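Next up: some structures, all given as structure tokens.
In what comes next, chain A is part of two complexes: it sits with chain B in the first one and with chain C in the second one.
Here is the complex of A and B:
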């Protein structure tokens, strides 16, 4: 039992915590931008922030190119994806009243993956393009939309199946697990049965990776992130009341079924669009919200934004670790988050019992 | 404002839980719902609070059916304390009681000075003035129940519905909750409606008793005229005696034996 003054939740520690987080964020961002196969001196980053990229010449120009065309979009995408996955997890854990809930459990990731894999399979072998009328469009750019649609379809299916029970948390979790298993089996079945030249790309995508993501991905994901940011202040108070259970929330004037449904839709959008960009990066939505709760308590007006920040940091840090692994290839970010996530998952389970 | 149920029926799946039930609650009084397990007390409270829609009939508050009240406006008139309230881990007592102010706040739930004052009052009224920054999980069962009552008080609804507020408390804490509710009723004119298992406590603290059996009301009135030996035998299946204290006029029941158990044994 901790005395109230000792707990991290106490507001006395908040300035310190905010400072610590900022320092961590700065460190993670700098390392991600500067370290890698092409090591970039800090001076080049500093210079290219203030002057046009072309002004530099010689080796600095190459460094600036790597910085702006490869590392910066990858970093930003990592931040957006991490923030979205963590916020989706925070919302789902409240609505499903289950600390082990995240977008995998509701079938959102599974639906997103299934449509994404189908898209890969219809693409021309090797080059990964799909004919849309006259253009050859790279499927990678269509992936976010397909995945979002898939995630929403899966979530819609889960809602339909659980609606008979009035969207109770238990029914949602059970239907979600069932739908997710079917979807994951379909993904595996397609991969195994179809035998396709793009299978290798699909496998890399399914591991969850930020490799080779350029500015187009950032622009494609940005609308969903902005939507999430705009909805955040509207969702916080209803989520707070939902934490008190159906009867108390309804007695406090909340329309429970409507807000449960809306929260699930928002969480699905946030998670599925992120999955579409980088593949099913696991455990971010599971890992981050309990940490945020331990830091600032369960008031969602603080927990939700902090989850976003911590999720962004986690994904960027994991990507940094994955890239600096010794060896020829880098470790996909989804593998790193899973390696961190599984022990944490077991820890939560043990603490619960 | 007057709260009444008009011929409401409620189903759970295929079984009918409330059957064509009508009830008008006396304003400013303490009403206790009594009845054996499964008689529909909790369901009636939920229907009265509007968290459960009857399949037919309606619950009317003031001049409108509950369904026609906007959620927040209704929450300013009616507060329900469920039988098993839940709170997220790590929540502080003050934070929880502040949630009671949400029907009076905007979408973000920003606190006004008035909110702070009302929360402080609700905490003081329930004897929790020093508990605001404690964690809910660190409190005893009795203290926690008072926190939930404080939440309902902060809501400042003139009608308070409580589903078995004393069931999981020891005797001392049970009486504490009952006396708190009596004070609130006397000092603030709160209309209190609660379900109870303890017939003696109901007889002692309630102005009105409502006795239910299988989704219907079988008796309704002042304790002295409602609580009879015949009723104890018929509804609760116990043989007992109802006595009135000559000085305080308080009723009390003495129970002798279960009629069901003997009945079952006699048959085989």
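Here is the complex of A and C:
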């Protein structure tokens, strides 16, 4: 993806790029917080950032309520999900040495969705009672665990299936497509059987949505994001070596198999826990890493964090676009990312010969 | 080969007998099984018009049209798969993997949501959408030849795009979405005589047409140079048969929604049984597809009765396993 002569990669432009990104991020965040059915004046945001919510009275109180109970958690969750998906994509593309690798295509999203849906199916009123100890556990907090387990299982299955006859990247992608389509069919079937009355909720979840996500979701996902963030500095160097190819990496003293497996686990963890909270948001992990690579080159110490930032931005911007669409319901964020991501996927596919 | 020449009609008659009796057994099973079982004797009485009441409603109004529809849907999908695989000479070509199904579904959703056309227009909407979907995936995957993996990936892209648009449309329309969502899940629940009337004649005509052209299908498998040297216009046949495949798929999509994998797996299963000769492959695939669909439908409605599972659950599970077996067999 990177052309050697591309001037953007030279360090001269880096401060400018960082500034541009910051401005973009600020704009996206402000628009997402302030625009909507209830438009909120900037003054309210400024005020409520520094003083307690209750201090405001009258219409400002409503605005502050909308801001803090609806838009802020949604924004934060969007940032977390986008960052996680994009970093997972960056890791997968390095490990599988394939620009088409993405948690969606490799079945990780499908596995995560399936377990998430099953969890909801067996819970009543959002609480799952574990029969053995009579524990009452909120489904929401179990969701990232279940989704991660599902993602790992799916990834493991895809690997096992494609490893049997030589692990070529294309074969991996094919097995991924097969497993993903089965899992997606199962998810669709279960949801269709369960959710006749609330078709719209189901549809939105299947596409991946941030609608109605409150602080609980943010708190449930946050530990996983933090875990991912802590792991990233550890991952960057081995990933750099893996980029060199198997022989070079092992001759430089990297135990390739172990790091490859570990990277896959981390990628599944990041992607699947995000999918468990918002549904399968597609193509973020596919779209972002090449852009990050074009901007800062293929050094993972820079590319990985930048992917995270860009992914967060992409999801928040997509959510902003989806919310402002006319129609009865808002457009789920996953639909917007797919509409942007598919043409890019096609572009990559056409380039690969 | 010599023995085949000896008594062709006897051989074909034997196979025909097997197919017919198998189908009859399955139809009887499908008519009798359900939340309320109906005895075989009662079924025969209903079919002869000698019994009314509950049994008549169950058998005549609910189960018979549904069973016939299942046979047609399965046969259509299987034959569409055989045609697409022969035309593109690509083992992964099939209605669901090349975006035909998703394109057709998008066509139906668009027409049903934004136009005032009656439901009878949906097969044509599916046909237009399916042709566009197939053209898009094949066009995207084409780089001088049609590699299986590229076709599958292009199909994934087209399918993802179509389903994103479908979701957007359904959420945008709102109130009428419930019905369409139900249909999008795929299956035969609640389908009856009107649906059968809608696609019955056209599907049978399409299936017959495919059988008529079995020799041309065989020739297409030989490769372009050979076929051209025989004086056959390759591309004309390719295009015609591909459109026929999309037409058959569109009939299915219009009434039963998108049902994946049958069109991918059944042709390969038939190939394992009788080999590559399209003259045998086509009828065998037709039969297997029809049977699979009826069995899947009966399972879907009896497994957790009185509730009903979507047929897609079974076809996807079966089909996914078949798909993976295929990846191994073909060394893709």
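Quick notes
We take it that the second predicted complex is superposed on the first by the 288 of 353 C-alpha atoms of A that agree within 3 Å, B and C clash if a C-alpha of one lies under 4 Å from a C-alpha of the other, contacts with A are read in each partner's own complex, and residues count from 1 in each chain.
The criterion applied here is as follows: a residue touches a chain if its C-beta (ideal position, glycine included) is under 8 Å from a C-beta of that chain, and two chains touch if they have at least 3 such contacts.
Owing to the predicted nature of the structure, the values given are computational and were not obtained by experimental measurement.
In the superposition on chain A, contact is made by A:350 with chain C only, not with chain B.
One of chain B and chain C touches more residues of chain A, and that partner is C. In the superposition on chain A, contact is made by A:247 with chain B only, not with chain C.
With both structures placed on the common chain, the touch criterion links A:233 to chain B but leaves chain C unconnected. Residue contacts after overlaying the shared chain place A:294 against chain B, while chain C stays out of touching range. In the overlay built on the shared chain, the residue A:105 is in contact with chain C alone; chain B does not reach it. Looking at the shared chain after the overlay, A:282 reaches chain C, while chain B stays out of its contact range. By the touch criterion defined above, A:69 reaches neither chain B nor chain C.
Common to the chain B-facing and chain C-facing surfaces of chain A is no residue whatsoever. Of all residues in chain C, only 96, 140-141, 143, 149-150, 152-154, 156-157, 160-161, 163-165, 167-168, 170-175, 177-178, 181-182, 184-185, 260-261, 307-310, 312-313, 315-317, 319-320, 323-324, 327-328, 331-332 touch chain A in the complex they form. Chain B makes touch with chain A in their complex at residues 46, 49-51, 71-76, 78-82, 84-92, 95-96, 99-100, 102-103, 105, 107-109, 133-135, 138, 151, 155. Chain contact summary for the complex, chain A toward chain B: residues 1, 4, 7, 9, 94, 97, 233-234, 236-237, 240-241, 243-248, 250-255, 293-294, 297-299, 301. Chain contact summary for the complex, chain A toward chain C: residues 100, 105, 161, 164-165, 170-171, 173-175, 177-179, 181-182, 185-186, 188-190, 192-193, 196, 199-200, 202-204, 206-207, 282-283, 325-332, 334-335, 338-339, 341-342, 345-346, 349-350, 353.
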